[in-house]
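Consider the two complexes below, in which subunit A is the common component and subunit B and subunit C are the respective partners.
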Partner chain A sequence: MKVRFTLRSSMPWWRGPMLMGAAALVTFLISAIVIRWAGGSPFAAARYMFISPLQSKFGLTEAVLSATPLVFTGAAVAIAFRAGYWNIGAEGQLLAGTIGATLVGINAESLPRFVGVPLILLSGMLFGAFWALSPALLRTRLGIDEVVTTLLLNPVALLLITGLLNGPWRNTETGFPDSDVIADSTKLWIIWPDTRVHFGLAVGVVIIGLCWWFVGKMSGGLKLRAVGLAPGAARIAGLPVERTLLATALVSGAIAGLGGASEVAGVAHQLTTGISNSFGYTGVIVATLAALSFIGTLFVALLFGVITVGSFSASRALQIPSTIGELVQAILLLTIVSALVIKKYQVVWTRSKSQVRD
Partner chain B sequence: MIDITQEIIGSSLRIATPLALAALGELVTEKSGVLNLGIEGIMYGSAFVGIATAAQTGSLSAGLFAGFITGAVAGLIFAFATVTLGVNQHVAGLGLTLFMISFCNTANRIIFTSDGGQVRVDPWQPFNFGGPIFSQYWMTYATFLIAVPFTWWLLWRSGLGLKIRAVGENPEAADVAGIGVAKTRYTAIIIGSLLMAAGGAFITLAFVGTFTINIINGRGWVALALVIFGRWKIGRLLAGAALFSVVNAGQLQLRLLPSFSDVPFEILLALPFLAVIIGLAVSGRNVPYPGAYLKPYKRL
Partner chain C sequence: MNSVEGVAIASRGGAPSIFLSNITKAYGETVALSDVSLDLRTSEVHALLGENGAGKTTLMKILYGLTQPDSGQIKADGVALQINSPRDARAAGIGMVTQHFSLVKNMTVVENIALAIARTFSLDLDSVRDAVVAASTRYGLEVPPDAIIGSLPIGLQQRVEILKALMSGCSYLILDEPTAVLGPQDIDSLLEVITQLRSEAKIGVVLISHKMAEIEKIADRVSVLRRGKVVSSSLANGITSKELITLMVGEQESGVVLRSESQSHGRDPILVLDSVVVKMEIGGLNNVSLDVRPGEIVGIAGVSGNGQTELVNILSGTLSIDSGTIAVEGATLTQNTPQLLMRAGVGMLGEDRHASAVHALQVMENLVLDCVDNFATKVQLNRKKMLEHCESAINQFEIKATAKQVFGTLSGGNMQKVLLARLFSRKPKVAIISQPTRGLDVMATSYVRSLISKARLDGTAVLLVSEDLDEVLELADRVAVMYRGSVIGVVDGANASREKIGELMAGIVR
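This part shows the complex of A and B:
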């Protein structure tokens, strides 16, 4: 007996949703084992994780707040992946964005707010794009694979932040390794009164809309998709493949950097080494689960926001570790990605070796 | 001064041990044409499972064995996803890393830290053959005296190594020549994962004797950088590991001096990553990537 996978020629309409359901079920089963082990009820945990944040204004707005950075990193990863540019560096680009934002934020006293806010966001964007520049140039000029180069710049950005916070940016009042609080003129507006939901969310939603409109509706977006789907054919057709990749990589970095600025100017109001809770890496999960669709990215980011907040309430209510939320997200990625691939193939069992040779 | 130099060389060897093990593992994997970004997660997983088992059984060897099992299982999952199913290697690898880290952090809280405690074992002690340089853990000796020559022999002198390099360079040709591409890649991924697991277990079972959140702290990514910095050659890979470890050990010594306490040494720790980027830029188009790097192979 031997197992083979062959491409599926046709498939019934219900196969896709069925596989997604199966992936969700497997995720639940694996998580349930861990939750049981922790001494909680899996069903209660699921209710706390997915439903309870939606039942109170506080839960809902905190979920939206947690989703905000993922909207940016998800969009950054999605647009790069659509062009076939495997940017694994959204984490570093977001961190670079927080550096750019802090640089403006702690030096921008006595500016009017309508100048300070665009300035801090712009600075974050520029730093994010700058962080994406060298891997993009190595890829487009020298053909050096971008997966590892973008990834390796992530720890560099974190080390740079640690260095800055232990050195020149050490807090002048407390002496702790976190920066001074940024100027009031650069803090983002609260857009949902009496909550922490800030202007960054609106920017993120606009970015999602722009990406969807550009990639889906504009001729430049068509080029981007063509380069992603068939770079060889795109080159023969006379499309500027390298230029498209370079531009996409920089836009991707800028979006991630904007996400970093949004965190500094919207929530933390200072730079700390823990400013990013792996938002860039989670962005890869978010974009992948959304099958690289921008609207989908928005919804998956919101779902992840709900899971993040929900895992804290589950943790409090059931005395289980709050890290269960991250675990559910990681398992969901592995099962959904497998389901997406299995959808394309069918399993063939063959009896003897002679039948395998074709 | 001689004391300090010996101190630095001695501690460099300790720092280099997990990096060298993990980098050797990544090298074997990449030579078969597969990039395993699960490296950080596999090290994390075996570091945790290793010490958890050692704490429960009271045996460090049992802990190391459990670390190996963790590495093998993680490697098997990664191989199934990337070789059998053909999932994007970077997505599957990152997914594995995130899974291992979140799983271990969760398990750590369930078993050890729920009542505010922390897992501790009496770690392996260094064997002292005289002087700070030759006072090392057995795993450090084993790494440089056994794992390094073994990996070199495996990749460049054994029949399996020839197959691994063949499927990494040109899987179509290897397939036609009768080499099982999937089987060879599974083997390479699992051998690689075992080496990564050894690196992770070394940190908890020998180096520190406890487990804290973020214990691997990017060492997997350093190892990944070393493979490229070493241009997929063991000698250069070890030279890179030595260089990084000496810089790292040196800054740890300098940090102890009051006049250096405010210097941001983090910049030095970023050197291996920057060295890779600069090195790639300088080598230009002559980077000797394995021919089938990142490409899944499917015969349809």
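This part shows the complex of A and C:
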């Protein structure tokens, strides 16, 4: 038996949804085996993981809350990838954003809130963009591959935070390596009363909308896509390739940084070394699963939020490890990416050489 | 029609041994092939003709396993073949040199061939090298075995491709428009190689080409495809090019281009190059001075590799100059970047149409790629305006495509028309046009040439670079000949003789 892929030329509308359904089913089947192994019931686990978060207000809001940073990092990664700029540094840029936000947050006593909030978000964006600047310059000026440089700057950002928290920003009350709590005037509004869902989510949704509108509907977006798909042709057509890449990298960093600011100002209200639960890396997965579509990114981020919350309740109720959530996310990545390949390519199974096609 | 050997043999090929029967292939709405049957023989040159988009490449891709037909069968010696991949095709003795070479640019010739033929786990490059040398003597295909592919001119790269196919043991060799990328000298030597492969190695060659002259010269059998159907398949003996053209396009009038008086007398040149120097390890430009007046076509002739590519590249802004100046309308450009040139009114048709367009974008998006901002209200794209623009271009330039079709799925000729439409719809003051009819069918070629003449009548200054000397002589008001990176002489187009130009091309100045 041999497998071969050929490009599909046309596709009925239902194939996309059907393949996604199949991917979900396969994900369930594979996860079921592992969950069985761990001693849980797959059906119960699936219910805890996907259904129960949606059944209680608490579950739902916690899911939305954990989706919020992924909306930012997913959008950041998607826009960069669309331009052919392989930014793997959303993690570092988000962390830089948390530094920027904290800097404003702990120094902004006695400001009105409608000044403090924009200020803290803006600072996060600037720091995120700044963190993205040097790899982007290296790439556009010297042609140095950005995959490595953006990736390597991620631990640097974390070390910088650790340094700050053990030095100048050590908590003045407790002495722990956490920053002081940020000023009330810079805390984000709660947009869903009596929950922790904050203004950052609204900002994230707006960012998604802006990205979608820009890439799909604006002239700059067409240029961005052309640069991403065929930089040589874009250059011949007189498009400013390097400038487009640089601008996209900075915007991508700014979006990730905004995500960091939203975490600090929206939920944590202080800087800790654990502020990011690998949001930047998960953002790469989210954007990939969404096939780099922005609306898709929003939904995948929400799905990941549900899984994160659901895996905790499943692990509590069924006595299985809570890493099951990450496991499901990883399997989902594999099955969805396979489905995307099958969507684009036709898979031909062949047995042996001289067989008649019928 | 074996003029090469001087003897006309009625049918020199063996009995047909590969049969393609009732092949049908549709891409969505477009039917690329409908119920096509064709048979191939060894020791025969089988020419495959047809307009751009007729389905020639598709048919051969099916035979070589690069795509699968919707229905139909391939049989060899009575046995049905299941060709699912090029590997299956090679096992069945079928080799193909596609228009885009599949060579690894920074490996040597031997390494590239080893990649294709090595079957064992361990790699004995020395024995591969011996085999390469032996095969290249045997087939009369001289290649430098240790040269890096990227450093070789295109003609030699093509030889490596052919050698690679032969060395994997094929008895059928498909060549998809092999001469489209070659200069006149290389074409002659390729044709010689093909005849030799047929006569001595008994190989069945399928030759796709748009050039009637070479088909007349070496084809034993000719099949004509029209809109996905075989309209004729017969011995080449006694068929004239005129009949072939009629078969290809049906009963249509071919647009005749009438040469008119030059409009440019006494007008100031609009594009002036003054002692332009580009230093490069090989090639480069050496003190090039040249001017083009509005309403004038200046043709660049020369053996390929004498600076034509560099000249085009500095005018498209992809190669910066080391000294000298470029001035447009009297204003010297501070820098030759694509944006500055474009703003100054210089438009461009590059020699590689694949590199000039974004294959994954739609036709209409590619069409406006160099002037996106004209199709935006404030910053938002105006898709409706783009669509209207594209539809009028499709009508005006007779492009066989729809506005929303993905560019990469167009046939070569239609890609070229889209790029020409992109160039001329901006009404450039200066148009740099490189190899405009490479790979185009007869009708499309005459259409494209008439477009260029029309642009000249409209007052555009045209710099035409072409390896086809006939094209240059047909269109140009003045012919500048390049030799070793400089312009060695400029002759008046109307009374330029081939001899004079030939001497200049060889570097002889009197």
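One rule holds for everything that comes next: the second predicted complex is superposed on the first by the 320 of 358 C-alpha atoms of A that agree within 3 Å, B and C clash if a C-alpha of one lies under 4 Å from a C-alpha of the other, contacts with A are read in each partner's own complex, and residues count from 1 in each chain.
The rule is short, and it goes like this: contacts are C-beta pairs under 8 Å (C-beta built on N, C-alpha and C of every residue); 3 or more make two chains touch, one makes a residue touch a chain.
Because the structure is predicted, anything quoted here is derived from the model rather than measured.
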{"item": "Which superposed partner A:Ala234 touches (first subunit B, second subunit C, both, neither)", "value": "second"}
{"item": "First (subunit B), second (subunit C), both or neither touched by A:Met218", "value": "second"}
{"item": "First (subunit B), second (subunit C), both or neither touched by A:Ala330", "value": "first"}
{"item": "Subunit B versus subunit C as contact partner of A:Ile342, first or second or both or neither", "value": "first"}
{"item": "First, second, both or neither for A:Asn154, with subunit B first and subunit C second", "value": "first"}
{"item": "Subunit B versus subunit C as contact partner of A:Arg113, first or second or both or neither", "value": "neither"}
{"item": "Partner chain(s) touched by A:Arg47 [first = subunit B, second = subunit C, both, neither]", "value": "neither"}
{"item": "Superposed model, subunit A: greater residue contact from subunit B or subunit C", "value": "B"}
{"item": "Doubly contacted subunit A residues - partners subunit C and subunit B", "value": "6"}
{"item": "Residues on subunit B engaged by subunit A in the complex (per definition of touch)", "value": "35, 37, 77, 81, 84-88, 90-92, 94-96, 98-99, 101-103, 105-107, 109-110, 114, 218, 221-222, 224-225, 228, 262-267, 269-270, 273-274, 276-277, 280-281, 284-285, 287, 289, 293-294, 298, 300"}
{"item": "Interfacial residue positions of subunit A with respect to subunit B in the complex", "value": "5-7, 34, 37-39, 86, 88, 134-135, 138, 142-145, 147-149, 151-156, 158-160, 162-164, 166-167, 278, 281-282, 284-285, 288, 319-321, 323-324, 326-327, 329-331, 333-334, 337-338, 341-342, 345"}
{"item": "Residue ranges of subunit C in contact with subunit A within the complex", "value": "27-28, 67-68, 73, 79-82, 84-85, 88, 91, 316-318, 338-339, 341-342, 348, 350, 355-361, 365, 368-370, 372-373, 375-376, 379-381, 409"}
{"item": "Touching residues on subunit A, where the partner in the complex is subunit C", "value": "2, 4, 6, 9-10, 217-223, 225-226, 229-230, 232-240, 346, 348, 350, 352-357"}
